[in-house]
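Got some structures for you, see below.
Common to both upcoming complexes is chain A, partnered first by chain B, then by chain C.
== the complex of A and B ==
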């Protein structure tokens, strides 16, 4: 395969320091309470690669929870409106394959048709260096969805841990350019390196505790086999906390609001969720989605039915974050398994 | 190592431009018509909408109330319904409204050529239909006949009382009805759907444009369906909460369709197929 190299592990921190020279380096860091979060890396040795997935997904670096969009100055100064888009180059190191798969879908959602300028400017300036998961978490189910644990294409740079060295692949133009900028660090792989990489791929796949396909649940829903009694049960367990939405690397709903300060007003956007009752409220109080079951169904339908119809791929990459977050145990993996169970038992209530 | 170039992005679709409120016409107790002078030429068509905002208050989707005549003038007809529309109502002439748009698909006028048209409006629902009424007046010979069935709550709530005569002169049969009359009111009293006979047309071969409260839209569509009007000829425009206007924020999303980009104009066929109104849930 073209665009493949070997990076000695001893050279990793040197390479990251080079990357950091003109970019902000972001990586998974272990907090004192053992949570893994993506943050700006101050000390390279603190990057935590051999650990569970980060709990907030890295979507926050492309679509932050709080984004300042526009700023209007003081009335007396003629109200010039300032565009607050950021153009800061960043490299996000150590993301998982599922999260890169999610970014590929987010690109289509935010950049096709009408381009979202805020996502666009962040995306253009962000390079992803992903790492193949050779030890997936118990909650992971990307293997059944072909969104991980490694990627065949679409990534910027992908690393596979071969023990004392990394197998490095670059797929995007920016990825290839970045590797060649410090080409002296990277060697051509030998036949045995390819074999070792293949072995890691196989063993990674073998380590999954969950293999879930979403095709079955989608078909069952489309054939009308999943009745409202089932969804009512799901709804009864939903706390409407929005946790799944905020952790999901593919949930994109937002609200826009104005904040006024002494010297002007900022138009900002914030994450929002279709699970909240007021999400569709119109002026005058009309509330189309007042019915809770409609709101619950909407989330699953969007991911299982509409996402594939509109973007050709499920609105789920199997990252398992909703499994960790959901207090009602109605995460995507559980619901998909339950729908499958209904179909198998012939009990389609 | 070569520095990665900062990659510049293009224009910003969320950036509004100012429009000067040239004239405010008080239409009813809670409805004003705003004629706005835009600071740049924008072309728009009937059925589309703009995102209209006031800094520090917020941004809302507002349908276009006028047929484009000059490239920098536009009219919005706004009912005082919520926080932002309430603030817009406190604007004075000469002040600024911030605009971005137009968004949405708008009405297709191809299907009406040489046919009878019935326009059904309820309350403030007349507003998005006004540009198409104005279009019919301008192109009166392109369509066989136009009947407007126009319902309001009370005689005082008829938003375009002053324009009804003008529309009649323009060759449109206008039938006004109210839910509750008052002393001296000699016109119709009752639901707009009691007026179908007024049009005197063959509904099977006609085209309908409907806008109003959801319950009225549903009733009107169902009636026309029973009269044998093809689903594709029954056209309505929906309203929804929106934050972006470009299919990203998710607020107006309903079963695969974004009201902002796939609509706001939908045919009865789409309403049924995608369950866009309550009662048509699949």
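== the complex of A and C ==
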């Protein structure tokens, strides 16, 4: 396989420092009470690679929770309307394979048909360095969805931990360019390195506590075997807190609003949730899905039915964040397992 | 709460009275939901069919303000059917005999007429609650916001003592505190009659202790309650007021009176994170830091003291509340200087026995400590009153059912009850500035039962005028069976429809809590109804508002 290298672990921090020279370095950091967040790295030794999934997902760097889009009425700048797109180059280090898979799908959502300029400018300036998961969390189930724990293609740069060294792969042009810029750090892999990497890939898959396939639930839904009584039970447990949507690396609901200040008005984009009734409220107050079941169902349908229909893959990468977040225990993993159980038992209520 | 939240999972019977748990305490509500799935019996007593009532095994829809009668009747059944925990009553309580005298006046048949709850249901609830050992009571503002609020709470307390459902895990009496730190505010003595840890102001020993540490003479009398303050301001006897993180000009009952009182103040200081109705009357507005902009602790409903840390720097001139207070005090001539909140916590630990060990360094790891935590080694207390009550023996306080201060009559035939909505918080100072939250409930509404709507010929989403003896508001209707016949419900979050223009300022004689839950109103339709010759087809109006 070409575009593979070996990086000595001792040289990792040197490499990261090189990366940081012309880019903002973002990585997973530990906070109080075992929280993991992706933030700008000040001290490289603070990066926590052996850590559970971050909350929220790294999608916030491409599609932030609060994004300033444009500013109007600020006369001092000489322009009446000012574009607030950022062009800051970034490297996001230590993301998981599932999150990179999610970014690949986000790209298709935001860039395929009509380009979202805000997403586009962030995406073009962001480089992802992912790390193969060697010890998945109990909530992870990417292995069953082929979105992890390692990636075959589509990534920028992928690191595999081989003990004293990293097996480095680059797939995108930007990734290859970044590696070759500091080519003196990287060696060509030997045959034994390939073997070791294969071993790690195998063992990574073996560590998963659950393997969930979404094909079964999708088929059950498409065949009309999951009835509204089932969804009623799910709805009863839904708080409409929106936690699943905010934490999901693939959810893209947003709302746009204006905010006025003394010296002008800003147009901002905020995360939103399709679970909220206001999300689809029309002028005059009509709600097309007044019934709460429809709203709850939509989230699962979107991920299990519409995503595969439109983009050819599930709207779930098995990162397990909804399992951690959902207070009502109706996350994707649980619901998929339940639907599977129902269709196996023949009890299709 | 006498117990911890996680104990819900292992209980056998949950008796929820006057609490819209699923909407207002969703995390606790979800534990209850889980418990029900696991086979726990859930009994809900609430005039409205709230979300939690939807999956309750028994839902008692008593009339608003008749909680004492209902609870007394349940106790009556418990005594008559011999379900009393005699051993517990003998060992740990007093004044049982005179209390029992009173109970005889509340047989279920009689109470059925007062409350509208069937005698059979009262008996069933009494048996289920008393016969199971792991029974817990949960209540919230539906119990307290009445002129008989204190009696309602006493009735709950008597019920747990009568059945011995206290002092053990999974059995106790659990008031659900509404805000993240309302428990902490009370614990710290943000009340007119107590110092921190509920040490009364009138107790000379407690006062001497605080005087020695603070080096100042302290008043010998309790202060005024919020309602008293407003009355005194109205009379012109109270000159200045300092309001922190409250919006009384929207949240207090009988707003016209409150506005007048606020206008008569010589000097009003308001400390808040945003402009609100009260800052409009203020002479000085002090910008305070929001929750994420300061360090400190919050004490939640299960008495758990939890550390919070600053995540972002305060905006503009805003400062943490403690910094503002310390600075003010220093300039007034009493030096208050702390390097950080941990030093304040040390003083709290010094003066407050129940917070004796809740120092910051112990709160760093894990999820905090539950008071009483009397020393640095104390692991915290998951449930209270294990061996004895705080005062020794538990007293059965004799109580009597009293009707609400302003029951509906011919002139004002409807009973108005106020409450909250899931997506909004209090007077909306924060949440109504949040685009998505405000969009969820953009407009106020009044919930009316379909039968009442039909008799008044009101349609869904039509404009009506609701007036009480104190004022009137215009609001759109929402026809639903959630609210019983004869009762209407209006949330109090909206400044456009300030329902507290209508509410009754009558207060509980002891706690001075106003009766937000009951007042008499009348409804006048404002949109002219088209008279139809053809009879309209019967539409099932069941739950048009599906939340």
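Just so we're on the same page, the second predicted complex is superposed on the first by the 343 of 349 C-alpha atoms of A that agree within 3 Å, B and C clash if a C-alpha of one lies under 4 Å from a C-alpha of the other, contacts with A are read in each partner's own complex, and residues count from 1 in each chain.
Keep this in mind: contacts are C-beta pairs under 8 Å (C-beta built on N, C-alpha and C of every residue); 3 or more make two chains touch, one makes a residue touch a chain.
Fair warning: this is a prediction, and the values are worked out from it, not measured in the lab.
S.K.: Here chain A is shared; do chain B and chain C fit on it together or clash?
M.R.: fit
S.K.: How wide is the angle at the Cα centre of chain A, looking out to the Cα centres of chain B and chain C, in steps of 10 degrees?
M.R.: For this superposition the angle at chain A equals 80 degrees.
S.K.: Who does A:272 touch here: chain B (first), chain C (second), both, or neither?
M.R.: Both chain B and chain C are touched by A:272.
S.K.: For A:311 in the superposed arrangement: first (chain B), second (chain C), both or neither?
M.R.: Touch status of A:311: no partner.
S.K.: Contacts for A:241 in the overlay, against chain B (first) and chain C (second): which applies, first, second, both or neither?
M.R.: A:241: touches chain C, not chain B.
S.K.: Look at A:257 in the shared chain and tell me whether it touches chain B only, chain C only, both, or neither; answer first, second, both or neither.
M.R.: Both partners, chain B and chain C.
S.K.: Does the superposition put A:116 against chain B (first), chain C (second), both, or neither?
M.R.: Touch partner of A:116: chain B, not chain C.
S.K.: Touching A:55 in the superposition: chain B (first), chain C (second), both, neither?
M.R.: neither
S.K.: Figure out whether A:282 sits in contact with chain B (first) or chain C (second), or with both, or with neither.
M.R.: first
S.K.: According to the stated criteria, A:327 is in contact with first (chain B), second (chain C), both, or neither; which is it?
M.R.: The second partner, chain C, only.
S.K.: Tell me which of chain B and chain C touches more residues of chain A.
M.R.: B
S.K.: Name the contact category of A:185: first (chain B only), second (chain C only), both, or neither.
M.R.: In the superposition, A:185 contacts neither chain B nor chain C.
S.K.: In the superposition on the shared chain, how near does any CA atom of chain B get to one of chain C? Answer in angstrom.
M.R.: In the combined three-chain model, chain B comes within 10 Å of chain C at the C-alpha level.
S.K.: Using the superposition described at the top, list the residues of chain A that contact chain B and also contact chain C.
M.R.: Dual-contact residues (chain A): 255, 257, 272, 281.
S.K.: Quick check: in the complex, which residue numbers of chain B touch chain A?
M.R.: 1-4, 6-16, 18, 53, 55-60, 81-85, 96, 214, 239-241, 243-244, 246-256, 261, 278, 281
S.K.: What does chain A use to touch chain B in their complex?
M.R.: Going by the criterion above, the answer is residues 18, 21-23, 69-70, 72, 79, 81, 83, 85, 87-89, 109-110, 113-118, 120-121, 124-125, 127, 174, 178, 181-182, 252-258, 260, 265, 267, 269, 272, 274, 279-284, 286, 288, 294, 301-302, 305-306, 309-310.
S.K.: Quick check: in the complex, which residue numbers of chain A touch chain C?
M.R.: 32-33, 236-237, 239-241, 255, 257, 270, 272-273, 276-278, 281, 285, 290-292, 327-329
S.K.: Where on chain C does chain A make contact in their complex?
M.R.: Spelled out, the residues of chain C in touch with chain A are 26-27, 30, 33-34, 54-55, 309, 364-367, 422, 435-436, 439-440, 442-443, 461, 546-547.
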